[in-house]
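Below, each structure is written out as structure tokens.
Both complexes shown next keep chain A, but they swap its partner, so chain B is in the first and chain C is in the second.
So, the complex of A and B:
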């Protein structure tokens, strides 16, 4: 018998390569619903999209925090963009920062820095308006974990000496 | 698929008996209408080591459109729940995890019901919404506390 190949259709499967740190740290998996890894905010699989997106993959990427908790970038951004988030990871309540040196985080670092800056500025202005020295100190403290500091006027001084109002 | 749809699936599974942790607590937890997952009803059992033991207590849950970024709005039924941290007229609950300041989108409705169970077990008379009950608790009179709660349940006002 002779077989002639007329056409080849390639089919690929893909999935996000998620760091296993969280599991190594002995974090127990939520026993009931997840046979696979899900986003802690929307509970959808990392290999699916957040509720706002249609196509998984580049349209709805993942980010990994310093604390090793991963989320759809849209989900964690939406949360961190609220004042009530106080910039904390929903899972472990530590200040959420993107883990450095991870390829999947690289393209989002600027956006998250801007967000962090916006939030701390907002807090500083609020504290300033209320004359709340203690809160201002706290904000300045938080800010110094980011990449700028806040002076007494509530302006944010970036590492480069750039002043952001 | 929205988060509340995911939760609904999980809740159905849990209530079908895969989650023993909730068996003693939840009688019912379901949307009022299958086609509107923003409005829920729950019934919980009063915890055994409390004056609520033996009573079923109703709750209403409203899911905000930006859930789980914002917390669910959970209340007891009006004029039903005698508890020092519950407004008797409105059913409003004073519970930190239900406030924007303390809520985390990592939590879900099952967490919330667990937290409410804990509030029934450990009332906080220092921040009361029902002064009568708070005062009795502060005096440390368990018998009077149980008596008053039961009096309310049996139709007293």
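So, the complex of A and C:
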């Protein structure tokens, strides 16, 4: 008997590759289990959408911070856009920057850079108005640090499993 | 008293004789014979309804008629009658009345029918035709006669009942001339029976019969009440008007009669409501519309609903009716009720009543969805394990697509249903109304002016105004609408996961539109029910994501197929698993995971890798329990067959792939289980599937192999070539299966037969059959075994030398 496969209509389930980041960050196993699947801001699964979106995937992608914390792009952008965020990661309170070299971050770098610029400009204006030189210096530091995000780092292999350039 | 009468009579007769002899001496005998001839009590010697003899005629002339012959003037007065003659006449009248009364009361109890009294009256009046006793004063006799009738009616109950019955029979038999006589009798008697009352009663009965004859089982006529009324009036009204003594153009009365026809119509249709609403629908639409026009009282509606529900409960809501039929009946009744009462108020009572019964049927939602989707039969058999009458399901699907109540009609889903039905009712005039705004405006105004509030004691209003279209009513049957929608989603999920390529057929896409519309409406309608709204929006969202996934998969597949390295026979679907009610990680789930063949696994892996490149940051996992594989099996004898199977089934059959050389491969269960990395039980299930398809078989060494060439094998084993030449693969296998079944069953029943014969000695086959029927546990399925079957089993035991047959054809145990 000869078996010939004519067609295969297969079903694949896609998911975001995120688990490795948290593990690398040195968080305990239990924490990883609890936290790995949900966005730290909206508490919805990474593989689902943020509350404002309908379709997961391309329309509601993830971004990964330098601190290896992942968020729905819309969630973290909205958070960073508030003054109270002070540009910090809501999970670890470190200054939030998109991790360099990750393909999933690439398309958002420009947007986050603009946001950063806008925030530092606002802070500088405030400091100038108050005549606080110390604050001005801090803002200048932040700005130069912020620019670092878009430093051309070239293609760096960062992590297994993520498409990198 | 009765003893006094003869005395009085004697005196009267003596007086008559005295006056007679004074007037005409020597004629005493003649006078006596006249009195005898007149006397109704002298049955043997009176007139006996025969004219008088000549001598008697002369006597009559002399004693009674003389004065009238000679001097009866035109103005009716007597002139020239002397006192004695006058007195004689008076006495004769008294005598006659006396005798008639005597006779009447003597016979009183025997007068039972109208004929009796008619005969008696003829008997009493016959002599008066010859003897002019009441010529001078005719009223006296009439009064006397009517008094007797009056007395009879009031006192003789038997007669009264009979008379009523007689009149009824006459009217029902359309014998109006005779009925007229009875009515005249009644009118003249002025007794306890009033002819008008009886007549009106009888007319109602007549109408009721007439209506039954002309309305029952006739559902296609548009103005049946009016038609029936007209034919009744044409046929009978002139008679009834005459009998009632009223003018034929008494419109007050005819209007009342028309109302009676309406009432009868309602009564008949309530009685037939089940036929009208279900069996005869849609041919019965005209009659339902007429019912709508005629039914005004809530009591009538209540009665209708109750009658309908009791019939529906008895005929539809019982377990012997299939769900498809029950649903079909229900859909028809919804339509009928909405035609009858577009507000859906009474339908709500029906919905509430049947809800509980329908909820007991678990397959209901699936069947309803299948009907809505109008799915093809093969799709049904994929998902449901119930015997379903496809023809009936098709009818149900068509019924749901009825253009008047179409589940897909948008204006009803969004607008007001009543508006929709109004336009249906005025189908013919709708064109005019649409073109002339003046008319529309008038209609609204008229409605406003004639609006009356609903009586407070009517059936309670529906809780919500959700009876906007058929689908709404149907979904109301379920515990919640979310249940219905989630069942739909399940079906959609199944459909999409087993879909070949990426396009849903027209039915599905139509239904999807409908569901989306529905979810949207529901969402906007229920702002207060947060939990429901959440669930519904989640359902709607899932649906949207599933469809988007399918669409994206198609685009991605196109892109992937352009890559030369990828196998174009693979059509992948990439699903957002959270929205497809799936878990991502099933690596440890032994019911799902298995090892694919190297080739397929490699090809699929390539797709995985390409996906990762195309969609950075994401990964893929193959859902091994989903998807369809289309494969072709070709045997050495050139026989090819295509199958659509699951990945697991495809992998299993690939293990038996003999390659280009078409070699036959035999594998044990253990080998299959090891190669696929699944448990033996699961492996057996998969192999059983292919055995069921007559592709594989299990040989006597417990090895599985393909069925090709099996025929020759069997032939070689049995060495009976003449038999196998006509054997097909299937029959061969089924024959083998049968043999195995028979053996198994005989082993099961043997202990019972053995015990029975050990205790009772020898038994005949009938007795054994009867005893086994009673004693065997039900799960053995002995109910299915006939007398002949048992006999063959017993002969098997005889062959095995377990039993012996005695001369009287009874069986006994050997040893």
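Assume the second predicted complex is superposed on the first by the 126 of 165 C-alpha atoms of A that agree within 3 Å, B and C clash if a C-alpha of one lies under 4 Å from a C-alpha of the other, contacts with A are read in each partner's own complex, and residues count from 1 in each chain.
Just so it is clear, a residue touches a chain if its C-beta (ideal position, glycine included) is under 8 Å from a C-beta of that chain, and two chains touch if they have at least 3 such contacts.
A quick note: this is a predicted structure, and the numbers were derived from the prediction, not measured.
Colleague: Thinking of the overlay built on chain A, is A:103 touched by chain B (first), by chain C (second), by both, or by neither?
Modeller: It touches chain C, and chain B stays clear.
Colleague: Which holds for A:8: it touches chain B only (first), chain C only (second), both, or neither?
Modeller: After superposition on chain A, A:8 lies in contact with chain C alone.
Colleague: Should A:93 be classified as contacting the first partner (chain B), the second (chain C), both, or neither?
Modeller: In the superposition, A:93 contacts chain B only.
Colleague: Given the superposition on chain A, which partner contacts more residues in chain A: chain B or chain C?
Modeller: Touched residues of chain A are more numerous for C.
Colleague: Give one of first, second, both or neither to describe whether A:42 is in contact with chain B, with chain C, with both, or with none.
Modeller: First partner only, chain B.
Colleague: Help me check something: in the complex, which residues belonging to chain A touch chain C?
Modeller: That would be residues 1-17, 45, 47-48, 54-58, 61-62, 102-104, 161-163 of chain A.
Colleague: Chain A touches which residues of chain C in the complex?
Modeller: For this pair, the touching residues of chain C are 497-501, 541, 544-545, 548, 552, 569-580, 582, 584, 600, 603-604, 607-608, 611-613, 615-623, 626-636, 642, 647, 650, 653-654, 656-660, 662, 664-665, 695, 706, 708.
Colleague: Any idea which chain B residues touch chain A in the complex?
Modeller: 1-3, 6-7, 9-10, 13-14, 18-19, 66, 68-69, 100-101, 103-106, 108
Colleague: Name, in rising order, each residue of chain A that touches chain B in their complex.
Modeller: Within the complex, chain A contacts chain B at residues 32-33, 40-44, 51, 75, 78-79, 82, 84, 88, 90-91, 93.
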